[in-house]
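In what comes next, chain A is part of two complexes: it sits with chain B in the first one and with chain C in the second one.
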Partner chain A sequence: MLPPSSGIGQFAATSAKVIRFVRAGCTNRPFYHIVVAERRREQFEPVIEQVGSYDPMPNANNEKLVSLNLERISYWIGNGAGCSGPVEELLGLAGYFPIHPRSYMTAWRNRRKADEEAAAKEKADDSNEEKSETSSSV
Partner chain B sequence: MAAFRYFSKKLLSSTLKTDIRAPVSNNYVVCVRLLSYTPMPYDGNPDPGPIFIKKEVQTLLTTLTRVDLAKVYRKRKLGGRQLEQPVYKFMTDEQLQEALDEAKRKVDEILQIPPVVAVRKPRDKVVSRDPALQGLDSSNYIFTDISYGVPDSERIILVRDTEGTLRDADWATRDRINQMYFPVARRQVTPPKMFEDDKLDDLLKRGEYNFILDRACLQFEPNDEFYQKVCSVTYQHINENNKFEDIRSTRHFGSFAFFIAWHKMIDNLLLDLIESEHIDEANALVELYAQLHGEKFRGNSIEEYIGKFSTKKAALELALQAYKNAAKQKHALEEGIKRAHGLN
Partner chain C sequence: MLRIISNLRLLNSFPENMHNCQPVRWRRKPMWLPTAKSKVFRVPPRPQISEEEDNELKRLNNNYRTAMNSIRRYLTNRYSVKLQAKADTEQLKKAFEEDLARCKAINDEWNAELEKVRNERIAKQLEEDIKFAENRKLELLKREEEMLAQAEEIVRKEKELVGTFITPEMLDEAIENAINNPVDYNFAIDLEGNKILGRETTPVEKAQVKQ
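For the complex of A and B:
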């Protein structure tokens, strides 16, 4: 059963809090809750509060849906809560934080990979054409 | 457009009468093409909203709706839903009266006219452009602010697209996302297929006006361009085919009357009202026309309207004359009866 989004986790006033993902999907179907929890807790222990959700699988319109309760996120960050890396990246893309450096890194690595693949494909096509030309001339 | 359609119909009927076979088929083709209506959304120029919520206009629209309790509490199609078991009660006369009053009070709620407003403006605000994010992902991200207490229309919904641009989501996406996170009961995430052109045509031919308008009301926001297109086509179909009785005493009649008065095509309804001797409603309709277009009629407003603005002058004048004759005869008859009873 899902815990309520208001959370049922016990927490100390002075403990370190973190905003992070909790995996809530099933096998081969990831889905994440974005929650506030104590840093020392395990992933599936009761959380302090749920503040959003993230569906990493694109829907029929090729969209990844992210919901964020920005009011509560602001509250918890104001109270000294930190964010996990993936959450920082998401908030960066949402325009709430500056863009995370890792987003830029992933982007240019993907671009480089795509360029390399395109170049390799071009090369392979060229060599194929040459082969066919030589075979036809023979 | 309407006038053109009217004349083409006339032309068709006259050719049929003279029994010339060859051009009939040609005319038929023309007529079929004319049967499709041009959607006429309120483009906000001028904005109909402030005029629609004026108290005088609302009163006129309520008058035109002609509340009939038997029709308001009619049997309805429920689709797959089950009816609740009725509760039978013994009541004293006072309790019965109270229950009836309660039912009458509920009528206002049931017959609340869907608001008439201008079409919403497209959203194309760009928050930031960051081409360095190209290649990060092959799909768009949609970020929704789900903070409590924010109305659907003001909720922050942003799209980070594959080019790295962060922009405001367009209206169609907003509707979809709002329905996903904050569902309205029985509204669908994707609009039902019945609003597609060919299916809508079929529904219109079958005269399912209430079905179309109710469903459109549920599915779309009143300032949605698509909603206004569907409604305008339906209203035009009703107006052309004189099916006013189908939507009378429903919440849609007010919007319909406003629509035809706004686009200056009240002649069919006016003729219908005069022929059925609802002269106060005819007056209300002409008054509505005057309110919307800033006209002022002195004396007999119907006659003045027919003289100045009507496109079906002959038919309307004839109907009005017939009404007057009937009224005169009725009056004379009543006088005669009174005299016979020795009341004068």
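For the complex of A and C:
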């Protein structure tokens, strides 16, 4: 059973805090809570505070829903909390942080792959057409 | 990680009679099995990143880190509890001054009490000192008087003796007198403790003086 999201975690004043995901979905259905926790704690231990949620599966309108409590995020970052990589990416896409380099990298790799695929498809189509033309002429 | 933990948890929570059961929830092989024989010598291919892409990524990462440092600093200045506590200098100064005033009042009170005690003590000390000095003076005077009396006594005795002195005029007479009256200081003691004066006297003469 997951501990409540309201944050019952015990924490030391000087310990390292981090804002990160906790997987709160079930099998084949990921869903994440964005929480503040002590860095040395494991994922499913009680958290200090939940500051948002993230649903990575697109809904009917092809949207991935994110909720963020930006005031609390600002507070915690201002008091020395770090962010995990995925959270940094997400906050970058949300416009709170600058866009994470990994987002750019994924984007241009996807673009390149799409271009290559399109080029390959075009080539295949061309060769097919040539083939049909030659066959018709004969 | 989750799988390993789950395996461990399952291990710990297995009842005695369920050793032959195989957990099917985590379908991968258990953690104590070695690498598969077909995978032992497999070398996974390294990711190929072109120099151009690498440079671009470095540039982006540098920019990102700079921006993040700046954002973090801004948020720290704005929200940090410690900094806010530190920055509130006026409040701190006021608190410090109040504390100082309180301490000063207590200190003044103590000083007043101590001054009273000290004055009493000094007055008493002075009185005692004066008394002591007077006593010493009296004692000194007394001793001087005693010394004077002793000296007077000595002088008086000497004056008494002056009459018996042998002067040059009386010298012949004194010598004659001494020769005429010889004094024998020798003596003996017999078994009964009697002192027998004189060198030449015999015990028969009974010049006995019981001591």
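Following the convention adopted for this analysis, the second predicted complex is superposed on the first by the 135 of 138 C-alpha atoms of A that agree within 3 Å, B and C clash if a C-alpha of one lies under 4 Å from a C-alpha of the other, contacts with A are read in each partner's own complex, and residues count from 1 in each chain.
In this section, contacts are C-beta pairs under 8 Å (C-beta built on N, C-alpha and C of every residue); 3 or more make two chains touch, one makes a residue touch a chain.
This one's a predicted model, so the numbers in the text were calculated from it and none came from an experiment.
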Q) Following superposition onto chain A, is the placement of chain B relative to chain C best described as a clash or a fit? A) fit
Q: Would you check which partner chain A:104 touches, where first means chain B only, second means chain C only, and both and neither mean what they say?
A: both
(Q) A:19 in the overlay: touching chain B, chain C, both, or neither? Say first, second, both or neither. (A) neither
Q. Does the superposition put A:64 against chain B (first), chain C (second), both, or neither?
A. first
Q: Scan A:78 for contacts with chain B and chain C and give back first, second, both or neither.
A: second
Q) Taking the superposition as given, does A:37 touch the first partner, chain B, the second, chain C, both, or neither? A) neither
Q: Please determine whether it is chain B or chain C that touches the greater number of chain A residues.
A: B
Q: In the overlay, answer first, second, both or neither for which of chain B and chain C A:93 touches.
A: first
Q. Touching A:47 in the superposition: chain B (first), chain C (second), both, neither?
A. neither
Q: Write the angle, vertex at the C-alpha centre of chain A, between the C-alpha centres of chain B and chain C, to the nearest 10 degrees.
A: 110
Q) Which value, in Å, gives the least CA distance between chain B and chain C in the superposed three-chain arrangement? A) 12
**Q.** Set of chain A residues, in rising order, touched by both chain B and chain C
**A.** 104
Q) Which of the residues in chain C come into contact with chain A in the complex? A) 2, 53, 57, 60-61, 63-64, 67-68, 71-72, 75-82
Q. Considering the complex alone, what residue numbers of chain A touch chain C?
A. 43, 74-75, 77-80, 97-98, 100-101, 104-105
Q. Hey, which residues of chain B end up touching chain A in the complex?
A. 127-128, 130, 132-148, 156, 158-160, 164, 166, 176-177, 180-181
**Q.** chain B partner contacts - residues on chain A that touch it in the complex
**A.** 52, 58, 61-72, 90, 93-95, 99, 103-104, 106-108, 110-111, 114
